[in-house]
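Just below sit the structures, each encoded as structure tokens.
The two complexes that follow have chain A in common; it is paired with chain B in the first and with chain C in the second.
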Partner chain A sequence: MASASSLAASLNPGTPPDTGSRAELSEIDASARWPVIVFLLSALAWLLIGTVFAIISSIKLHTPEFLGGYEWLTFGRARTAHLNAVVYGWSTNIAFAVAFWLMARLSRARLRHAGLLVIAACFWNLGVTLGVIGILAGDSTSIEWLEMPPYATPLLFVAYALVGVWAVITFRFRRTEHIYVSQWYLLAALFWFPWLYSIAQIMLIFEPARGTVQALVNWWFAHNVLGLWFTPIGLAAAYYFIPKVLGKPIHSYYLSVLGFWSLAIFYNWAGVHHLIGGPVPAWVISAGVAASLMMVIPVVVTGINHHLTMVGSFGALRYSPTLRFVVFGAVNYTLVSLTGSAMAIRSVNEITHFTHFTVGHAHQGMYAFFTMVMFGSVYYILPRILLKEWPSASLIRTHFWAVAIGVTLYWVDLEIGGWIQGLQMNNPGIPFIEVVRNTMPYLFVRSLAGILMTIGHVAFAVNIVWMLGARRPAGATAPTLFHNPPAVPAR
Partner chain B sequence: MNRGPLIFLGIFLALAFSWTGIVLTNQIQYGRLTPFYDQNEGKTFPDKPSGLAERGRLVYQDLGCLYCHSQQVRRPGFGADTERGWGDRQSVARDYVYEKRVFLGTMRTGPDLRNIGARQPSADWHYLHLYDPQLTSPGSIMAPFRFLFEYHRVVGERSPRALTLPADYAKQHGLDRPGYELVPTPRAEALVAYLLSLKDTYEYPEAKPYVPRRPEGAAR
Partner chain C sequence: MEWIFYTLAFLIATAISGTAVYALYWSSQHGQLRDFERGATSIFDDQEPVGRMTDHFPVPRRKS
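On to the complex of A and B.
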């Protein structure tokens, strides 16, 4: 059974490493230090910038006179600056940081050509900065998820080309026989994103398609950025950290294969459900609805795999910040995806389409799932990169509770409000202005939820800056946990 | 799954599948959709937008109007678009063939605007509404677009487009200085021209309301 046990060992990143490989891991971590730090700090800066624009746009939606005189902060621009800052600034930067570190660790190879990645980070962030400023200045393209003006996007292409070259090199120099499930997701994501992005840029901005073909390209892109870029990175991290922190193998190898390929096949057709009822061919919408429903398969399979790995180890959630954030994210992945499939059903879509329900849903996906998994990953990665521990457990606790309560309040609130809005909008007996007025309490609560999340982000930022400034301890240190687990009595 | 190239091939085919299906097939199917020539009227539809409306479309784009307003009417019986008077018929792909950028939109924080030019044909109404939405729609949560207007001294004659504000509103906001007027900037004029151009009144053969055919011999 030697081969079976070595297979189990290679499948399971939680296998306790011997001393030799521990030294090797620490060498790998050290090689990833600079790119990870640069991408992480840029991500953090964009998270804070994005949060400011989020709060401004949220307040504007219930108090339209708030900063009403400034053209560059009008709702349509502030909201768009928020989206681009958090999607391309925060989420993509942090996805890069986590993906590189995971790739190096799982390939058991030192991260080569770190300089390439640091240059890529500069180009990427220059591009996003130019893009967000362009949006505020009035150069937005007004294509959802692709608003950055055409003078900013070539910089993103340069950055991405460098990242792609690097990823291929690293993968080729991998030292492991087995390719762990996280690596499938990372490879796929790193390949899918540039394809989506370049087709969308060409067919929408540089050589626009005619009429509503644009809308199809737009939603093929915009939904796949979620499904084929952020989701795989989030799942790769969840597949790595849950077993790693618990020190036990993932529940089922075969389920992870099924989950991966069913996601790859079905997710990329799902985007057209954003156009249900719209002036595009009916067959393509039907195909999109079918694919959205088929998404139940990868979601349930992945959910079983993640959650059954947790069974029997829930106690660890009391101690490990990484695990708590990642498991919160994994649970929300299951919930948000099932909601998403339901929203694609025509009779449900008739109610939720065009309402705040979609906004709540989007934040559950991008935040309660993806961002929470990324927070958890940072809590694991940064101490290993910097060889220092997190300075404050209470700041981590503040971070967790503020954002966990905040984002849950956010999506539950907007989904209830949006559902009511949809029902009333479909009832022509209720004047439109009445429908708008009835959404106000929910929009107001959304601002409160946003303030809670802001508190969490500040706690996160303070902890990171504090950690960077702290002196490196001389000897070995214990990890910063929420509580210290009870000592195991010696036998 | 240890074979890198095989995994890569699968990854490639997965996205190639939807790229072919959603993007390529539709581009081939109706990417060259032409305007409709009506022999009785001797002209084609939809109408080409005027130059001013085309500039207004850019203002609509840069201010991000589509994040709250959709531009698509769904068929009767699906939602309440026609009952709310947002259009007499559903929108069809041909309505959009001249639009350099299509703003279907995904939110209705505000009402649909696909036929706003037919529903609200008064430019003066639009100017007031853009200046301060509360003037025309009390309780609205739309952003005010005061920066699209100028308050200045009347030079020569009063502008024909100058806003006529309610007296108490003008007084309250210090807009009642004698010899001064509140006028839309060229951007506001272009935006309003664009809004007024939004009307899909022509009925294409494919846009006729769908009436399910009764199966032959079915009981009445």
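On to the complex of A and C.
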């Protein structure tokens, strides 16, 4: 852990950043151990808490009397608690854990000032806990994706400031000449997220903009959290783990660089497509629609690149847990992004807006893409920082199949149900209550999918806790732990 | 008054794209956009070389 004087030295622009040599991989992994474990365990706890709220909200939609006697578990609160627990609790904590390890590895430098990150983890989780309790108590701000009450958010600011400082220091002390594409994605995410979050807090909560500008800022923020925070972290992991696991460089590095820069320049404008049909100047919406369609470029480029890297190596999916999860996520990135661009077209949006289609789409993005890539990353990182193997291959397989089938069922079901719902809502001949009744079978299937995903999460949690408690085998060395790897065909 | 907020929102969005454009300029000035072949292999080294898979399902430890 770093002392105060070395933190001051790291921040001092006079300190030459290019001293010392490239660190060994094992040394880097060991230096990242504590911050990664703290953020990972926090993320895991929030994943389980978020799942409970998800199941409650899902059941309430088709069986409204379920837990109907508790005002703190009414749909509006339980669903919001779910969103905040999984977005700020699970997803952001795990994004931090993966980003720290990746940044240290890609910079080929030991992770400095681990203590700073552990303090940040305490602030972040205290903030999220306070926020979720506030939501359940009825203090939600009612602004989508920013529902946490104002007394919780300053803690998140403090946490993020510490992470931001750390990211700048790590980048400055990198030992590599070339900035790999994953590093660009991570830097962009770590740099833009606080910007988005602070502007949105100021313009919506502390000094609210008036009128429709509120909605505009709200959706600029909410969509950019996906596109400029979770997407870059997910893609950074995919661009590192797919080639790294296969032992094969990315098919076209040129395309990966093109994909990054086009995402960086277009994505920021796409969010306002959520307001199609709303009382916002038409040119603002048109700019959002245009940017959403421009996103086809980075998406197709990334999809082609990942696919061509995998061609000839699909057999490896049988042997590597990381690759399975990450490739599943990468395929869903392409699908969900193309669906998203299509949903920004006005005539499509007329049908999908205000329906379950959007809910299915959101889960395909945040779960089938982002969360699956994060699961895969954890399967790679944890053995290396703990110097232990995963205790159970069966639990990994259970985890994969339960969540892969669960989330696919989830989004396919809600997109079909939502599309039908949209068509029926646009038909003035069908009474509204009938449209609601027609969604019921889809909502039941959604709960079923949720139960499958819960089984997967429990398998994941059991495997992690088991691994933490297991004894480290004598003579274990990083980075390659596997004492008896099965023969893997070259093709 | 509404237009002040629209202008502000527009400027903030432009500034974010501005940082992306600046970073692109920086990377071109610092040679990051040259020699893509080498860039792609920068994550491999002697310890984890090209051609070696680095992840497998755990297999039961043989008693020795």
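Please note the rule applied: the second predicted complex is superposed on the first by the 452 of 491 C-alpha atoms of A that agree within 3 Å, B and C clash if a C-alpha of one lies under 4 Å from a C-alpha of the other, contacts with A are read in each partner's own complex, and residues count from 1 in each chain.
The rule is short, and it goes like this: a residue touches a chain if its C-beta (ideal position, glycine included) is under 8 Å from a C-beta of that chain, and two chains touch if they have at least 3 such contacts.
The structure displayed is predicted, hence computed values, not measured ones.
*Asks:* Could you say whether A:L275 touches chain B, chain C, both of them, or neither, answering first, second, both or neither?
*Replies:* After superposition on chain A, A:L275 lies in contact with chain B alone.
*Asks:* Have a look at where A:G211 lands relative to chain B and chain C in the superposition and call it first, second, both or neither.
*Replies:* So A:G211 meets both chain B and chain C here.
*Asks:* Classify the contacts of A:K244 with the two partner chains as first (chain B alone), second (chain C alone), both, or neither.
*Replies:* Once the two structures are laid over each other on A, A:K244 reaches chain C alone.
*Asks:* When the two structures are overlaid on chain A, which partner does A:A161 contact: first (chain B), second (chain C), both, or neither?
*Replies:* Once the two structures are laid over each other on A, A:A161 reaches no partner at all.
*Asks:* If you stack the two complexes on chain A, which partner ends up touching A:R77: first (chain B), second (chain C), both, or neither?
*Replies:* Touch status of A:R77: first partner only.
*Asks:* Looking at A:Y254 after the superposition, I want to know if it touches chain B, chain C, both of them or none. Which is it: first, second, both, neither?
*Replies:* Only chain C; A:Y254 stays clear of chain B.
*Asks:* Looking at the overlay, does A:L323 come into contact with chain B only (first), chain C only (second), both, or neither?
*Replies:* second
*Asks:* Taking the superposition as given, does A:A393 touch the first partner, chain B, the second, chain C, both, or neither?
*Replies:* Touch status of A:A393: second partner only.
*Asks:* Answer with first, second, both or neither: which of chain B and chain C does A:F191 touch in the superposed model?
*Replies:* Once the two structures are laid over each other on A, A:F191 reaches both partners.
*Asks:* Would you mind listing the overlap between the chain B footprint and the chain C footprint on chain A?
*Replies:* Residues 178-179, 184, 188, 191-192, 195-196, 199, 203, 209-211, 213, 216-217, 220, 228, 257, 261, 264-265, 268-269, 281, 284 of chain A touch both chain B and chain C.
*Asks:* Show me the residue ranges of chain B that touch chain A in the complex, using the header's touch definition.
*Replies:* Of all residues in chain B, those touching chain A are 1-2, 4, 7-8, 10-12, 14-15, 17-19, 21-23, 25-27, 29-33, 60-68, 70, 72, 74-75, 78-80, 83-84, 90-97, 99-111, 133, 137-147.
*Asks:* Across the complex, what residues on chain A touch chain C?
*Replies:* 24-25, 106, 176, 178-182, 184, 188, 191-192, 195-196, 199, 203, 209-211, 213, 216-217, 220, 228, 240, 243-250, 252-254, 256-257, 261, 264-265, 268-269, 281, 284, 316, 319-323, 379-380, 389-393, 396-397, 473, 479-480, 482-486, 488
*Asks:* Can you name the residues of chain A that touch chain B in the complex?
*Replies:* Touching chain B from chain A are residues 60-62, 64-65, 68-71, 74-77, 79-80, 138-144, 171, 177-179, 184, 187-188, 191-192, 195-196, 199, 203, 208-217, 220, 224, 228, 257, 261, 264-265, 268-269, 271-272, 274-275, 277-281, 284, 287-288, 346, 350, 353-356, 358-359, 425-428, 432-433, 436-437, 439-440, 443.
*Asks:* Which stretch or stretches of chain C touch chain A in the complex?
*Replies:* Spelled out, the residues of chain C in touch with chain A are 1-2, 5-6, 8-9, 12-13, 16-17, 19-21, 23-24, 27, 32-33, 36-45, 47-59, 61-62.
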